[in-house]
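In what follows, chain A forms one complex with chain B and a second complex with chain C.
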Partner chain A sequence: MRRSVSFAVLSALGLLGMSALTAPPKNLAILAAQKAETAEVKIDNFSFGPATLTVPAGTTVTWTNRDDIPHTVTSSDDPKLFKSKVLDTDEKFSFTFSKAGTYSYFCSIHPKMTAKVIVQ
Partner chain B sequence: MSGGFLRTAAPLTANAVLLMETAMGVALLFGAWLARTKRFRQHAWCQSAIVLLNLAVIAVAMTPSFRLQVLPRIPGKLAKPYYALATAHAALGTVAELAALYILIAAGTRLLPEKLRITRYKAWMRSVLLLWWLVVLLGFATYVRWYVPDLFR
Partner chain C sequence: MSLKTTSQEAHSENSQNQLVYDHNHDGVDRRGFLKCMAWAGTGAFCVIRGGVLRSYSLGRLAEMDPTERAKEMAGELSFAQISDSHMGFNKAANPDVAGTLKAAVDKINGLAVAPEFLLHTGDISHLSKPEEFDTVEQILRDAKPKDIFYVPGEHDVLNDNGQQFLERYGKGSKGAGWYSFDKKGVHFIGLVNVVNLKAGGLGTLGQEQLAWLENDVKPLQPSTPLVVFAHIPLWSVYPEWGWGTDDSAQALSYLKKFGSVTVLNGHIHQTLQKVEGNVTFHTAASTAFPQPAPGKADSPGPMKVPAEQLKSVLGITDVNFVRGKQALGLVDSTLA
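Up next is the complex of A and B:
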């Protein structure tokens, strides 16, 4: 009887130990959840690429101007959710999309340049 | 990028300004012809109207655009052709408009003191007309560099 009790206790301790080894520590799991997603949009030859970008909520999108002419990244929403300064060649602009939705934007210097970010 | 007014990447304002400035340049030539045909009153009205209209276009459309898109980048990036063209256009355009206003005030009013009045009108007017057209051509070049893809690349 004494042996079976100690075996049960040892088994329980063993199981606890295994679960501690397989499950990530609580603070690490939170860090993983908070790890920011990123996505890139290139501006080149008077267009945004990709023209439609689909990302999960919380993603930070970075636009890079690869064109040899200045451009901007301006939200079509009113009031404007985001608006970059005038981006010269190789300059970047970033914005984090925290809520789901479809966000259209354009270049305020060349308004026919349009694109959108779909946040899921 | 869909085609549209003038089928370039320019916004409506830039297209409207381009057409207006071209029309004003042509109208100034017409005004010069009026002077050559001795119709001085019509000449005065024509040139005055254009100079004042241009002042309005500068104030309403060109200055805000220049302040937002070009001014923050100069003089640091003047080596880039699109900033250099826009800056040369703005600088010479300012000189042309001020000179034209000076002629307008000197010839059409008695506001200026005697010693500031113009004596050689023809030389002044022809010089300003020439400068004005140089500015119009620089405006074309600026428009093309900023708004027409695949040209000069």
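Up next is the complex of A and C:
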């Protein structure tokens, strides 16, 4: 009897444990979402790739300059929503887009280099 | 002086085919121009006089009978143009930009006629770092000509919209660093077309500078020879790569009354020339690294050439003004 009670208690604890374990999937979902909320843009051969990047709101976009020549990532809006310092080879810049919209940007050194981020 | 590589020759020929035409029926035809372009790699000297093109190799100038040479160079004003030293650049295309700048200085110091001054048409530094500007200043201190006139390239105005450039070089200049000065009757105008660049656009002069330019040239006689220098070409070399200036046509419209206008630019790291009416456009090679011919590569990034060839695609421009002849002869010599 005592054994079965303690078994029941253990079972209950076990269930609690299980419910405690059911929480992580929610956390995992957040982790998964966080994983989805980063995106990469590479700068190669004087162009941003992809030229149009579509991401959910809250995404942090990271640009990496892979050219031998420095570039910048500069918002085309006035006032400018973001503007990186000059990025030498392999340097990075990140910006988090919190609101939906279309965000055009360019390289302020080589203004023919234009691209956009669409935030949904 | 050295011969250009085959690919360079091919590109020169190509550029000529694209760019050269006799806009004003002034005698500078394509064939004559091809002859003129021949000096770009082989070190000749070219004079357009009264619409007639004449060219000399630098070597021939040196060997000329002294009387004849004195005649050819009488009343001359000479200066040298250097460009795009990109101090701080250290990638494969040229890991020693200080060395190649020094070589340019040696070349200038070795010219038969000492240039009276130097023009640097921008991209002095690679990343606008103080130590990069310091290094260039130190190297150029060894140049025989002591007067050096600068205009900024886009690499000189990074992060601070050109404040540092103005502090170092902008004494007496207007706006973002534009100015003019006179030497022996020639009016020189330094323009800035590398600040406040707009998305999708080219080089920009802006209304304030254009208004200044219009006023600057207003009192001058049409017979005054003009030399206009700026970093990004003031003609459409290849807009797809940003090699042009959005409002250059307006600037040039103020110069129409002048009989002789020479425009000197850098930025594209290769020598190209075009004659259009009263204006001769000229781009200088870089002392640092070459860039591909317009449209001949995926992007205008640095061209990697074998080390032994590098000096043959880098260079200085030597400009001689012949007084009273309404013409400027330009000669490019490579570092090798």
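Assume the second predicted complex is superposed on the first by the 84 of 120 C-alpha atoms of A that agree within 3 Å, B and C clash if a C-alpha of one lies under 4 Å from a C-alpha of the other, contacts with A are read in each partner's own complex, and residues count from 1 in each chain.
Quick note on the criterion: a contact is a pair of C-beta atoms (placed from the backbone, for glycine too) under 8 Å apart; a residue touches a chain by one contact, two chains touch by 3 or more.
Since the model is a prediction, treat every value here as computed from it, not as a measurement.
Once the two complexes are laid over each other on the shared chain, residue contacts for A:Ser76 go to chain C alone; chain B is not touched. Once the two structures are superposed, chain B and chain C can be ranked by residues of chain A touched, with C on top.
Chain A uses residues 45-47, 68-70, 85-86, 88, 108-112 to touch chain B in one structure and chain C in the other.
Those residues of chain C that touch chain A in the shared complex are 91-93, 126-128, 154-155, 158-159, 197-202, 239-242, 298-302. Listed in rising order, the residues of chain A touching chain C in the complex are 45-47, 67-70, 72, 74, 76, 85-86, 88-89, 104-106, 108-112, 114.
Contact residues of chain B toward chain A in the complex are 1-2, 4, 9-12, 68-69, 72-73, 77, 80, 82, 145-147, 149-150, 153. Those residues of chain A lying in contact with chain B across their complex are 45-47, 68-70, 85-86, 88, 108-113.
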